[in-house]
């Protein structure tokens, strides 16, 4: 008994009027200079409790879970606020103080605050990030040896066909290449523009909005794209026998795991987190990710096993 | 099934969050739509503008709406309220026209009879117009409920938890069982609420049970 | 600084027009995807709906099925289809077809069903075949409601076609995603306004068509 014809009696003039109504409502309501995302409520979840956030990215959630369990083991109260979409959704809440602790990545985070940064090496990036965080009234704790950074990958077959090891080698490819990545890559220094300017390699671009996830891998295997950006921590590189091309000219910023925290985070808590960061090697992170994908375990279990193995629980 | 067994608590938690977002959105849109429908029915000229505005809102893509609403209302991007407001906007857009139709579907002779019996204007609304509008209204509410339940999932893209998280997380980790759980869970929830609505509809219109089927239509 | 003002100036900026990523090109892509999805869905849904409306058979099953399809989250369907079919326009197109299907079906059977029974009986009495009955009486009488279904489906699809940009370089949705990811909210809002504007134009066109389909003499009670 659904009646889809509801707008049947409308005239164009009336719809036009309606449009004007909507537009004027919208315009009056938005007269202020409101920044869309600076609207966190500043509530940090009660006295002394540390609110820990994580991205909607399984690897990030495991790290956040490791922070949470390590803090709990030190009798510090925490509140988990995990799987918060992308950086644009949660960063304002860290800046406003409603989230106190968040696992981040040095390179990408610096690029948000300083899009034109020239820093590429791990220590330079970290040093710049410390200053940038202070400017925002935040702090970054010690960076971990664990890295999870963007990298260019190709299929094994493609690499062998053209003899590819470094990004430089892409210049040898004479067929047209399609490069697939999240849409922001199109205008980032490590996108098609950067490839051309830094390496002189010409590619066309197609967006795949899954951050180097399964769709991207499938597109590589289907030969719909030949080049993709995938995180080095992603177990799919090993699983699908993909080849990471070495970035000899520093197109990508070094990207170490780094805790981003409120300025007032206690020294005791910072000490606990720094121990966790120090214990996590790059190989550890890939293993943790692999357990999440292959054994399909929840983040809490994976984090607990790892903390126990490292003697941190 | 293995995945579901290992993650039952998580799935139930997300299901609960899903209900908490979907139900208020539907309730709010029903209330607003009844008011707008009533206006459109009483003052047809103003009504066409109101209904036109409402139907136009439906064409705004959902994702930007989730960014624009916090700006307009000054609430947090990640607040569940953002999603409830967005869904209520869509629900109202879908339902306002149906509500106007529903009031139009009330037999004028019945209203005249009720007026002759001395019903006041409010009495007429609550005791005659609204109950008799229920069948048509309900058909619209059912559509809105089902589409709202399904739309809640997009909240996962901006960090508002629901069964939609199973879609994004399952997708990233390539766990198809998780995606399927999210899709099937959403559908089951929609169907359950739909059945509930049909039941409520029967309770609200006891006279229809005694009418022959053709007349009830 | 008004976000809406910024969005409007983003649209009117000449640099954003022309070329393969220009607004004009994106609008054409968006329209093509929308038309293709609605047309494919109509190919399935309209004959089925007319059949159900005419015979009154299988109504419950098909209505329940359409309801279930309506409940499928488009995002979930898109990701599953994407994993099965790979990147490109196929997966989003299929997801949009599924989205358009219920409204079209509902419009078709409700329209045919709502055709004045007196007129149908009269047509039968003068010896029309079932085929003639459907094509000459029921469909013309139900055209208003059937077109209403097409309008509703088109509105839904044109707004949701933005999702096509999730896995392909297509349509106005590209502005939404690239704006969202790089925090360029003027670009994102501009995309939303363009989609809403496009929806308005399509809706006006279909409304005109719908009005033209109404019988000119003798008002049909609604």
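When the chains are written out, they are named A, B and C in that same order, and each has its own residue count from 1.
Throughout what follows, a contact is a pair of C-beta atoms (placed from the backbone, for glycine too) under 8 Å apart; a residue touches a chain by one contact, two chains touch by 3 or more.
Since the structure is predicted, the reported quantities are computational estimates derived from the model, not experimental observations.
Because contacts link each chain to all the remaining chains, their graph is best described as complete. Look at the CA centroids: the one farthest from the centroid of subunit B belongs to A.
Here the spacing of subunit A and subunit C, counted between their Cα centres, is 35 Å.
Distance between chain centres (mean CA atoms), subunit B to subunit C: 20 Å. In subunit A, the residues touching two or more other chains are 1-3, 6-7, 10-11, 15, 19, 26, 30, 34, 36, 86, 210, 214-215. Residue positions of subunit C touching 2 or more other chains: 3, 79, 83, 180, 185, 200, 203, 222. Contact of a single residue of subunit B with at least two other chains is seen at positions 55-56, 67-68, 71, 142-143, 156-157, 168, 171, 174.
Across the complex, subunit B is touched by residues 3, 67-68, 70-77, 79-80, 83, 155-156, 158-160, 162, 173, 176, 180, 185, 188-189, 191-192, 195-196, 199-200, 203, 222 of subunit C. Put simply, subunit B touches subunit A in their complex at residues 2-3, 6-7, 10, 48-49, 51-53, 55-57, 67-68, 70-72, 74-78, 97-98, 100-101, 135-136, 139-140, 142-143, 156-159, 161, 165, 168-169, 171-175, 177-178, 217. Per the touch definition, subunit A reaches subunit B in the complex via residues 1-3, 6-7, 9-11, 14-15, 17-19, 21-22, 26, 29-30, 34, 36-37, 39-41, 56-58, 83-86, 89-90, 92-93, 98, 210-211, 213-215, 236, 292-293, 296-298. Across the complex, subunit B meets subunit C through its residues 55-56, 58-65, 67-68, 71, 104, 142-143, 146-147, 149-151, 153-154, 156-157, 163-164, 167-168, 170-171, 174, 176, 179-180, 182-183, 186-187, 190-191, 194.
On the side of subunit A, the complex with subunit C involves touching residues 1-8, 10-12, 15, 19, 26-27, 30-31, 33-34, 36, 86, 88, 112, 180, 182-184, 186-187, 205-210, 214-215, 218-219, 222, 224-225.
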